[in-house]
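Two complexes follow with chain A in common, the first pairing it with chain B and the second with chain C.
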Partner chain A sequence: MKTMLSSADITSIDLYHTWVRVRLKAFFMITVFMVFCLLSCQEKSTKEILKIGLPEEPRTLNVWLASDSNSWKILSQIYQPMYLRDPDTLELIPWLAKDMPVLDRENMSYLVTLKAAKWSDGTPFTAHDVAFTAGVFHDFKVPRYYSKWKAVEKIEVVDDHTVRFFLKKPSAIILSRVFTAPMVSQKRWQPVVDAALKTRKPLRTLQNHKIESPLGTGPFVLSQYQKGTFIYMEKNPRFFGTGRTMAHRRLGPWVDGVIYRMYGTGDVAILALQKGEIDMYWWGIQPGYVAQLTQTPDIELFHNHKSALYFMGFNVRKAPFDDRALRRAVATLIDKEFIVTRLLQNYGIAMHSIVPPGNAFWHNRDVPRYSEGLNRDQRIAKAHDLLKQAGYTWETPPVDENGNIQTARNIRLPNGNPMEKMIILTPPADYDPKRAFAGMMIQEWMREMGIPAFARPMSFGALLDKVKGKHDFDAFVLGYGRLNLDPDYVRTFFYSKNDKPRGWNMSGYKNPLFDDLANRQRAEMDRNRRRELLIEMQRIILDDVPYIPLYNPDILEASSRKRFNGWVESLEGIGNIWSLCMVKPVTATELNP
Partner chain B sequence: MNRIVFISKKAVELFILFFLILTVLFFLFRLAPGDPVTRMVDPMLTPEDAAHIIEQMGLDKPLTTQYMIYVKNFFTGNFGFSFHYGEPVARVIMARLPCTLLLFTTSTLLAALAGVFLGKISAWKKGSRMDGVLSISALVCHTLFVPWFALMMLWMLGFQVGWFPLGGIISPELWIEDAPFGLKVLDVIHHMILPLLTLFIIHVGSYLLLMRSSMLSVLKEDYILTARAKGLTDRVIRNRHAAKNAALPVVTSVGLSLAFSINGGALTEQIFTWPGIGRELIFAVSNNDYPLAQGCFLLIAAVVLSANFIVDLLYAWLDPRIHY
Partner chain C sequence: MSYYFGFMHRFSSNWKIFIQNPLGKAGLALLSLFALMAVASFGLHLLGPMYDPMTGVDPVVSRSVGPSTSHWLGTDFIGRDILCQLLEGAKIAFIVGLASAFISIIIGTVVGMVSGYAGGIVDILLMRLADMVMVLPSLVILLIIAALFGQLNIWMIVFLIAILRWPAVARVIRSQTLSLKQRPFIEASRVAGASDIRIIFKHIMPNVLPLAFLYMTFRVTSAILVEASLSFLGFGDPGQISWGMMLQWVWSSGHMFQAPYWLLPPGICISLLTLSFYMVGRAMDEVLDPRLRREGQ
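This part shows the complex of A and B:
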């Protein structure tokens, strides 16, 4: 039953409310005070710990499953290959191996001698581990490795530190693709592998195996992993490289550990770098940050080339894109300098061949360069000539009888039919603004010739499904951000047998002469002769232009020089194992010279 | 209607609805363009590798077979393994759920409490300067663009003033050095203040406006006039007669917001690098990680449906005029 409140009751309620408010205020103030006091009174650690920011959390530490770059940033500090690229020359040099492999042409085998290295648990790394790793690649058909390791017929363990690889047939990619694979410990993985082989889906079981503490031979070992927040890796005291001189560098690691922290956006990571929360951000930064970062005294900017290719591809399986003249005309219309200066803000280069110029040994400088050095009118006039000679006509041609450039209208194919609407698929601007805007610019340049082109950004997954899965497209703008330094991908992209769903010949290019050269280069063991074949392959592609190479953006990275220095610059920037073996704490003299 | 009959009927309805969601989710993901392998732009991955991965994921089977396995697994409590993490979906979700709940539930509750309190005052003092300030502030808060505001908060309080960390939930140094538990708790609170404050400011406006509008209509009711005629004090009329009745729509809104807080906020989590479920949801959907995406959405569906059910029951408790 409800009763009326007396004035005494109301007064007591008021007093109670006042008391609650006072207590809440006091609690809040005490909490804030304690947070600041305790956080500022912490004892600073004497360890020299490098702090690196990552754009995303590594998806997995399972070496058999990892496919994303962030997972490999961690795993590459743990699992080591037999051979590694020299950061200066980009040539492969012995890493876990003692010397370069010795080829026995008679038996078609490679003999590899291993260094006296140890796993991080103290057990020795032996030839048995190499053979075991190879066995896993083969038995489980591990994606990305199996297709390359298929070339190895058998592996013979000669002794604990010598292993011989017998090849089925000569293969040029053995050194770059097989001997650079990460090695795992037999002792650690044998029970897991045995159990997985007994299951219905062995590969999936192996990939779903939970890794608590990965065992490797690399410079760092995993110490702590708080999911979603940080990864702490400690210096591996048993790292085989410590104190050795490799690639003209005396290797460390010279830091006690590395903390990897994740940052959800590049903006926040840059602020963290400026504030000193991290010493380096392991991801390319946008050119727009350069002005802001150069004004920060402790920030050092690094500007390096990438092994990348951004390109426009045609569906040459269907008309009119099966016409080489049309593709050449489009290649002529594209103003690559505009793309480099405006879209890349001069942080990149125009690409003219499939192999980037940074990969100097394999790059062909003498491929046809359709639009280089031409202004807008000259490009239109040249493209007009190409198309006119191939039988194309216009209601209003782009060039009038007096040679003046005018707005072209209604282009007609050589058979007299009007050209149908042509769609250029691009990733959306929020995924990659450069590719999206490049697509729009190409649309405009093509319209100047009367070609009814329409750039259509679409979700990346849907784009790849159309281009790579269903082959349902006219043209597209895509890119490869990290191309392997071995140029066998030239074959992969244009080999006729790769024109199948999910195959990498997305354009559907078929050329028996190219196929023959591709097969020969793959089997050519002599590096210089292989180079000649690859140079010719690049020339053929740029002659037929199923892909029009567009640009290669540079990689811009930033680090703080307040606490550490010694970053090693290479083709892909400073984020590499060499840097982590070479970065040193800044000395007092270096800090205050 | 008898309360038990009502609850039973509602439970059956919810189960059917949940099963429909379960089915729609399954087909929605598989009918979307691409599959988990499509996005792997790696020339080292051959078509044979892709086919092998697809087979190992069980995606090579007919859709109906996959669906039967999916339903069977669901009813046996098996949500499968994430394609990308290689971990059980339940483990991936459970690792992130506490962080999301901690931030978003706290911010929703705090914003609701403050919104109800301020909305009550604003309505009571309708037309006053305080009402004007509160209403305009609420409108501004309500219309703030989350990513911009979150970045501004980080820039001002995290970078310029330097009071708070720029993201994350903990300071790695404390965990590496194995600091005392109390210090770790304070560290989490320290990291939480900035995202919490951001979410609080963004949400408090809508609760304030809702409460104000509801309170204004309640204040016109006859029973408020009766209460005044009885000689009750303003405080009692406002707090015990008007506010309690005006809070009903806010309760519904808070109930649903609490339920939806389980999916976090992808943008807020992204900017503050908060290791919650929102970022995982976006990742799972954009990378066609079917088991993980399904697991996240099913969890959200279950919580939202349950919250609706609880709100229905709560209504009757708060307003005796409502009968089943």
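This part shows the complex of A and C:
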């Protein structure tokens, strides 16, 4: 049955359609408006937040416990030292301090004047905080600082912004190793310290204290920490450096905050960087990524030197490496050129002394260079000569009567006994493939001389326990990825009193002449005279070769220039506090010039 | 002589059943290819020191480059030949797979036979032990051991895989033994004065061995995969080239997305070799279990 529509019905249908159209239009406009608002808000909220990728979670935010690099990447933005290295000249410049320290030779004291800085809670940073921090280092024997701060006999607070450090005896490392320690707030830490001192294990209690919101004077403050996910740090509005010019730079921070995201593997972090999920990955990248990253628009690569030492160490306490001739022969057999060109892919340099050549003032260029410029046959022939002169014999020598190189077999010690199997300990490949591989190549080079060497990668903890704790090893390949620019470590590594369980003299090297020079350099306040002593110390070490310096890798880092620029390159790369104070959002003009 | 002819007759008839199975044929062909690769690895030294899979490097190539006439599959990040590493990896895969499978089959067969034959408290204790080992996550256990003791050498990996992978075999062999021990010939042996050891090893073992060998093919597959996983995660033996180690190097040196000629061959080889053992196992299953055979076979 059909139904006839009246004109009133038709009008009402028209009205209905009009109403529907209006509603649809309104809905469309509201949707567009909302999307616009949402996008605008997103733009606004993420515009000035720098996103940085970290390779691992920081292990702790307790400044007394932190020893890993990821913890210090966060803590170094909160807790500040009195002096900091200029990123260009690498000289120490005043940071929380106002001027360079004034030495009073008569009283053997340093006078330090402080800037008018504030903690992030608004309370003033004073000389009392400095004295308190020093007191904690001393009273709790905080491992990272105590050995250096022992040189300070007492601290006198002259006024709120002036502090005087009295030394027990002259110390060359006071500026570089003592005045660069991070300062903590007395107000925040005094109750914790008092409570810890009442316990049976004060240091353990202090280190186990849980930190929710660290109080510092640095450019950023911790805002949110979701374990395993992200760390959000906000700009500290009370940062003493903001607007000041230091190291020829007008400091920010110029970003509102920094988000740190953790990436378990380099691959994922690199992909995140390429996709724009992070603006920078705060970790060295493998040379294999270079080709891929250079083809990606908006990715900027940074290539900088490091202050590092990767080396092979011997146990000179026992046979066979108590024999200097054997150590020299091994040093001759190692092809550092191979390591640099192939393992490091030319992103690094061969090391010949303990102090890296980049640290030019302290580096000794004239140390013995055992294998430099020699090809394989020449290296084997030279090592053969060294060992033959020292009384070593072979069932089949590596060099025959006509001077031809052949496969050596069954080397015998000067006393006629066969050389026993020896182990070269290395970190595992997942920890550092370069060191694991270097150990394996050294094994092969030693076997060419008939030396029964076996590279054995083992977990880093177990390796340290064997090498540093029990001294139960023949040889090892290890490295220091961040050597201090002050070369006092030459003393630390080879000083005879440091040959003790858990001591730094892992090789067990003992030389009274070296010890004397080491003590003298530490007390020498004249920089040039101290340099002469350190040059001689390096020569002695490379003459006796308890360590064979192998290589110093460069650091390759990548950032995205899409949103931020202004990274500050320095030794160790762009991951530093200077960068975080200088990185700025890219302006529209810079994006579309 | 009659025993020999009997064996040859059985082998011949079983071979006919095996070779009629398309899975068996394909698996065997693949397996033969990998066996050839493994055999070829013994002759690499004849090509010169540059082709030593571990220490040989091309003097003029110091980075990863693609296939060329001198390096058919290209080179790794320090200039080593990838094809030579692949051949060496085939040898290691066979060693790891067969050795760990063989050890786990021996353990599983002995435990299964003793458990099934002895019964009672021995059976209960051995089977609860098997249950405990069976539920252990073997890869996680291996990772923990590797993390505690540093990297494991290849023989340690073989041994650890073997002692974590025997329970399934033990359970199957036990059930077969339970059935066999009710048979008249076992009873006859016992009546004739045969000792328990003799009955187990002389009369039961020959009847359970085909089943054990069938399970061995599946154990090989899992052993190869476990070794490859361990090596890829960085806990393998860096002194020994393996396919997992090749994948570890391509990953740790940052060439994962740069060098498909380096990434793909070991991955494909791992997949195909495990697949070939699986296919051979399935075909052998048909030989041993007449119920699975098609009509007319």
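Everything that follows uses one rule, which is that the second predicted complex is superposed on the first by the 547 of 593 C-alpha atoms of A that agree within 3 Å, B and C clash if a C-alpha of one lies under 4 Å from a C-alpha of the other, contacts with A are read in each partner's own complex, and residues count from 1 in each chain.
Simple rule for what comes next: contacts are C-beta pairs under 8 Å (C-beta built on N, C-alpha and C of every residue); 3 or more make two chains touch, one makes a residue touch a chain.
The model shown is predicted, which means the values in this text are computed figures rather than measured ones.
Taken together in the superposed arrangement on chain A, chain B and chain C fit without clashing. Legend: residue contacts after superposition of the two complexes on their common chain; A:Y232 is shown touching chain B, with no touch to chain C. Of the two partner chains placed around the shared chain by superposition, chain C is the only one that A:R342 touches, whereas chain B remains out of contact. In the superposition on chain A, A:A462 contacts both chain B and chain C. Of the two partner chains, chain C is the only one touched by A:F437; chain B is not.
Once chain A of one complex is fitted onto chain A of the other, the partner contacts of A:Q286 are limited to chain C, with no touch recorded for chain B.
Contacts of A:V268 after superposition on the shared chain: chain B is touched, whereas chain C is not. Once the two complexes are laid over each other on the shared chain, residue contacts for A:T126 go to neither chain B nor chain C.
When chain A is checked against chain B and against chain C, the one touching more of its residues turns out to be B.
In the superposition on chain A, A:P428 contacts chain C only, with no contact to chain B.
Taking every C-alpha of chain B against every C-alpha of chain C after the fit on chain A, the minimum distance is 6 Å.
In the superposition on the C-alpha atoms of chain A, the part of chain A touched by chain B in one complex and by chain C in the other spans residues 267, 459, 462. In the complex of the two chains, the chain A residues touching chain B come out as 4-5, 10, 14, 31, 34-35, 38-39, 42, 45, 49, 51, 57, 59-60, 62, 65, 67-68, 141, 143-144, 146-148, 177, 201, 203-204, 207-210, 223-224, 226-230, 232, 257, 259, 261-265, 267-268, 271-272, 274-275, 277, 459-462, 464-466, 468-469, 478, 480, 483-484, 489, 492-493, 498, 500-504. Chain C meets chain A in the complex at residues 54-55, 57, 62-64, 77-79, 147-151, 233-236, 238-239, 248-249, 251-259. By the touch criterion given at the top, residues 32-35, 37-53, 56-58, 81, 84-87, 95-96, 99, 151, 154-155, 158-159, 162, 165-177, 179, 182-183, 186-187, 189-190, 230, 232-233, 235-236, 269-275, 279, 286-288 of chain B touch chain A in their complex. Those residues of chain A whose C-beta lies close enough to touch chain C in the complex are 266-267, 285-289, 291-292, 338, 341-343, 345-346, 428-431, 433, 436-437, 440-441, 443-444, 454-459, 462-463.
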